[in-house]
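So, here's a batch of structures to check.
Okay, so chain A shows up in both of these, paired with chain B first and chain C after.
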Partner chain A sequence: MSDTNVPTSEYRPQASEQPPTRTTSPREWVRLNLFNTWYNSLLTVVLAPLVGYVIYRALRFVFVTARWEIIEVNLTNFMVGTFPRGELWRVWGAIIILGLVIGLGLGVTSRASAETARARGVAAGTSWSLVARRAAPALLLLVALVVFVRTATPLLLLAAALAVAAGGYVAGRWIPPQHRRWMHIAVVAGLAGSYVVMTQFGGVNLAHWGGLMLTVFLAVGGIALAFPVGIIVALGRRSKLPAIRVVSMLYIELIRGLPLIALLYMGWLILPFLLPIGFPTPGRTWRALIVLLVFTAAYVAEIVRGGLQSIPKGQYEAAQALGLPAWKMMRLVILPQALRNVIPALVGQFISLFKDTSLVLLIALTDLLGVARRVTQQPEFLGQGLHAESLLFVSFIYWVGSYWMSRESQRMEQRLGLGER
Partner chain B sequence: MRITKLLAPSLVVPALFLAACTDDGGGDNGEPALPDDEMVEGADEDAPGNEDGDDAGSSGGTLAEVRDRGVLNCGINGAVPGFGFVTPEGEYEGFDVEFCRVVAAAVLGDADAVDYTELTAETRFAALQAREIDVLIRNTTWTSSRDGSESGSFTTTTFYDGQGMMVRADDGFESLDDMDGTAICTLSGTTTELNLESAFSARGLDYEPLTFEDNDTLREAFLAERCDGWTSDKSQLAAFRAEWPEEEGGSEALTVLDETMSKEPLGPVTLDGDDEWHDAVHWAVIATIQAWEFGIDSSNVEDFLDADPEEDPEIARFLGIDDFDPGLGLDPDFAVNILEQVGNYQEIYERTVGPDTALGLEPGLNNLWTEGGLLYPPPYR
Partner chain C sequence: MTDTSTSLIRDAWKAGGTGEEMIRCETVDKWFGAFQALRQIDLVVGRQEVVVVCGPSGSGKSTLIRCINRLEKHDAGTIVVDGIELSDDVRNIQEVRREVGMVFQQFNLFPHLTILENITLAPRQVRRLPKDETDSHAMELLERVKIPEQAHKYPAQLSGGQQQRVAIARALAMKPKVMLFDEPTSALDPEMIKEVLDAMVELAESGMTMIVVSHEMGFARAVADRIVFMADSEIVEVGTPEHFFTDPQEERTKLFLSQIL
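So, the complex of A and B:
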């Protein structure tokens, strides 16, 4: 609806009207930024060798002294934990299905945004440098993993997954707009399909998932579930019905008042006692996911409430004046603006959830960090001080994930014009 | 607008999640992950036999529950050298893990029917009390308060450990009495710290404790000669000694003093109030020691089964040849399952922590009573 209201010819300054760009030589830049005052010069002289030395030592460790064999040997452990090795084809199957669905989704979205851009009269073309920049963290991670792969099979399967994803992208770009709504069904079917491949027909119980796979499952599952639940609770807290308002408020205040570790313990050890007799107890991985969901949703609800309160009353009144029913007013007018305003806080919460998944270590699940802790206790690596290598490797994966989320959120902010309009 | 588009599919996800959740509702208690038909059949066969042999309290007990489930839930430590760790192939191995397999072989007839749960020191008894696990075999020291207020029931000890002191051989310390005024490295928040204090104050010695969060930083400190002694359980000291870097003189450069500062009997634990299950675990462990005493191991158990039962009636009873049932709720031939699938105590010890492994532990107290050790199995009759 907003698309039609956007003026098709925006004012674009001529080249002669643009402010002159200032050019500084590197030499001048150094003088202006590092040696502009006597105390800055002093700081530079003191800190430059120190920083240089730290960087030198870090690089030397990573490329010379570190013994990465522990990662090479345990790469499968880091990826899937104690997942039975005879069933690894299921993981690859799920990765290929997800690759197809993600490729498809990206293809459809990219065509949709290209069409929107064209409709607005903005020059749109596939910007390969943008694609490269967006994919950089994922590629960085893949390179870091591929370095440690010692056999050809995973490389071939990885190539196959990437090829399938690329195929999905091409197919997604080809889908005409009127069939686009099928994409949602395809995404859900892909998720369901990969879950079935993993767990059904003699598959592997979730309790045996581990490593990066478990971390991603908990983080992505937690984010995907906590987001809608959090929005519903936020709306509930602002509801005019006292019962819903009180329940939402109690939920938020209770959950936010408890540490995540306490909640995880409760979900693990106390939840089974609270369920009615005969009710099947969910597996411990599900219990962990439920706890992460319940915990994060409370924070998301408060963030979203902040967004809702930032919307001026005029927007509500305008929507009502148009005759929109309450849910349409929320969906079409209020929520898009409210959520746009809270993207930075929301993504911050999701990044923190991603890292909080490592706490499941305490409730007998072995996530990525758990694997790092245990590989150094293997007889062949025992007592050799290899903690640094395994922790560095794991930290790198966490960092890439968090950085990627942060980058994507910044991109979304720019695209939606946060802070500009 | 665009965000609401994103929102639409994400609202579908909870529905999917709920479906998946009830679908997999069985979780730990449901269908075993190990696709093992034999195991389930075995459990079915056991059930009537169990009714015949032992009708006291077999309904609703852990033993019946484990058999129904077809999988033993065993609580272990996944990161302790030699006792429980994960191989690069993703398999659990180690001394404690072998005893999980022993119990599974005795109760279910399949040593592979084990679901391992990695527990931290803080959660191990909570997990036992919440029945998340059937048996806890996680280098747990048998103490009065754990037997009492933690509601654990300890079976026979599988490993006799003790706190020791490791020093550099060049420093010339022969016993704790030589170590007056030295710096001692230890882990913080453990009983070793307290034992160290009582051992030194009892001898009227002065020392400076240096505490660390984990063994690897402690090792670095000891390597940098920041302390003269390193105190921990002797099994752990032996592991670090065996892996001491060659450029530092290898394992010869270090000595573990003879003195033992504390007793650390480690063994399996079951939950209080289920004697039938406790007996089953107890005797599964005892069977590995008894087999060693009889000289039966995984390689020669077939010969013993073929031998004349009259020759040694005790062995015949032990292997269930004459269908002797002591009423433990276990199959008469449970010891054969243990021996064929896992082995006797000596085999387990030598495979996981013995002199030829990374830990390189001499049996010491973990030897048969006839050899000067503490392993003394009660008679099987």
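So, the complex of A and C:
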């Protein structure tokens, strides 16, 4: 492709113009960064032993003094809470189904984006180091879990799930473009299928879900529902119809004025009485999910509204002048730009939702953090002060999840930043 | 047909081009709150005619052409485009917008789409044409505005003149019967103005019906069939380029010409 008349085409300096490369020896680096002034030297001298001591204590705790058997014994509790042990095959079944459709989805999107990149003449392809860095948080979690597993069966099942996911990925990359839309149906079918496996045909009611499984259900469900609902409310707030506008505004202002804990209690204690008589009351877990969704959607709506305001009027006018109907203008021109502008804020909101799911322990659901509290009160661990171990373990899981989301958001920003003005 | 107060404006009713009527504005009024932006506008544009609209800032030029594709809603009078009268009916508006392309001062390309995607978006989504057809048509249009090699870039990677030519190609992709230009060269550096004007001249020669808001008097002299001079929300004078430049009748026209020529 010739770029001859593009003023912005890449400028390659002559060899002689290249900046001189400077190498600093470690010794030099220390001198320049730690001992460059007398007060920095002082700070270094005071802080170095302190930082060293803290790291030493932390490492010593993790590898020497900590009594990790509380995690080993309770690993199943941490993962699924009080889920009936005889029904665990359902969880594994669901994991394998989800692994398959997630792998499939990833495969299809990765091939699609590679094809777009090729069509646009952009160098595509990901290096192995990039893939490794993307997967690093998940791998870290996997290693931690494997360390605590005491029998071979879960390891084998996990390996099977990973193998199925890898198979789905390969199959996804192999699907020709004209059949891609089936992928969405496959993903929805997979979600529905895993739900059926979990709850139907003598399955387990949501009230008995717990541990990491419950946390992930609430977080993923909350994010997946709050995102579209938030967008709809944000559009409603800018609607030309006063009724819709007022309702959206009331909703946002009301929800944002209440603490999440108050809303959770309301969902637990008051919602059943507000429903029409004869209307089946959703279970406690569903009510918690609804509250998390309602709460997060209000914030998402405000974030998206900010994004919509950042789009210049000319974009609307150009789309209208081309004859695009209003909803296509929104979907294809305005929202893609508006959402891209607010990715950091949106992901921040989702990260806080992920961590806020831990508040459901106040309405007597046993999520990951709930399990961490419970296990220290088991007869064999009671009064032994093993809070640190269990809290550290669940904190690590929360951190891995949050860190992974934050990394993915940065990646997405970079990728979508291609057409930055 | 209403008779207008001065004989000079009577030219407003003489459709040029093939003589067939393409756009008719009759006693159009437009208010922004208490401010009247258009007052009793009468204008007929013929098929294949090129009309250049000029006048001082704030005189209502943009408002006039934005009423023709309903980016602004006129308050009184009638506007008929290719036999379709603009009304509140959404389908009517969509139909007119499909016939009328518009090029803006600020280009208004979609920054998140490549050049090719910018051009094919409307044909695919509005006309529902298949991708290979819109892609090859888009490439033809890019050849026509002389930037086929930019097809896979993003708007931000192009110069202003190139972006404006893409904007012209994007509007043409809908195969419109009329093109509206709102000061297409005012946001450009001087060295880029010519490339955009060249594309517009080529378009005019191909027989496109065009209304161009512009102060490029060289362009007006070369390709305009008629020039419309607006001031204070009104059409003050309408005439062929010869009449307009050599023998302006109105004081306001003379004053304006003395300032810009």
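The working rule: the second predicted complex is superposed on the first by the 394 of 421 C-alpha atoms of A that agree within 3 Å, B and C clash if a C-alpha of one lies under 4 Å from a C-alpha of the other, contacts with A are read in each partner's own complex, and residues count from 1 in each chain.
Note that contacts are C-beta pairs under 8 Å (C-beta built on N, C-alpha and C of every residue); 3 or more make two chains touch, one makes a residue touch a chain.
Everything numeric here is computed off the predicted structure, so don't read it as measured data.
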item	value
Contacts of A:Val400 with chain B and chain C, given as first, second, both or neither	neither
Touched partner set for A:Pro336, first chain B, second chain C, both or neither	both
Chain touching more of chain A, residue-wise (chain B, chain C)	B
Touching partner for A:Ile255 - first (chain B), second (chain C), both, neither	neither
Chain B versus chain C as contact partner of A:Leu416, first or second or both or neither	both
Touching partner for A:Leu100 - first (chain B), second (chain C), both, neither	neither
Partner chain in contact with A:Pro325 - chain B first, chain C second, else both or neither	second
Touching partner for A:Ile351 - first (chain B), second (chain C), both, neither	neither
First, second, both or neither for A:Glu317, with chain B first and chain C second	second
First, second, both or neither for A:Thr82, with chain B first and chain C second	first
Chain B and chain C contact sites that coincide on chain A, given as residue numbers	1-3, 332, 336, 340, 416
Chain B partner contacts - residues on chain A that touch it in the complex	1-3, 73-74, 76-77, 80-85, 184, 187-188, 191-192, 195, 199, 202, 204-208, 221, 224-225, 227-229, 231, 265, 268-270, 272-273, 280-286, 331-332, 335-336, 339-340, 361-364, 366, 370-371, 373-380, 382-387, 416
Contact set on chain B toward chain A in their complex	1-4, 7-14, 16-17, 20-22, 24-33, 35, 75, 78-82, 85-92, 115-120, 122-123, 126-127, 129-132, 214-216, 219-220, 239-240, 242-245, 357-359
Touch list for chain C against partner chain A, complex	69-71, 94, 97-98, 100-102, 104, 106, 108-114, 121-122, 125-126, 149-150, 152-159, 162, 170-171, 174
Residue numbers on chain A that touch chain C, as the complex places them	1-3, 5-8, 119-122, 312, 314-315, 317-325, 328, 332-333, 336-337, 340, 416, 418-421
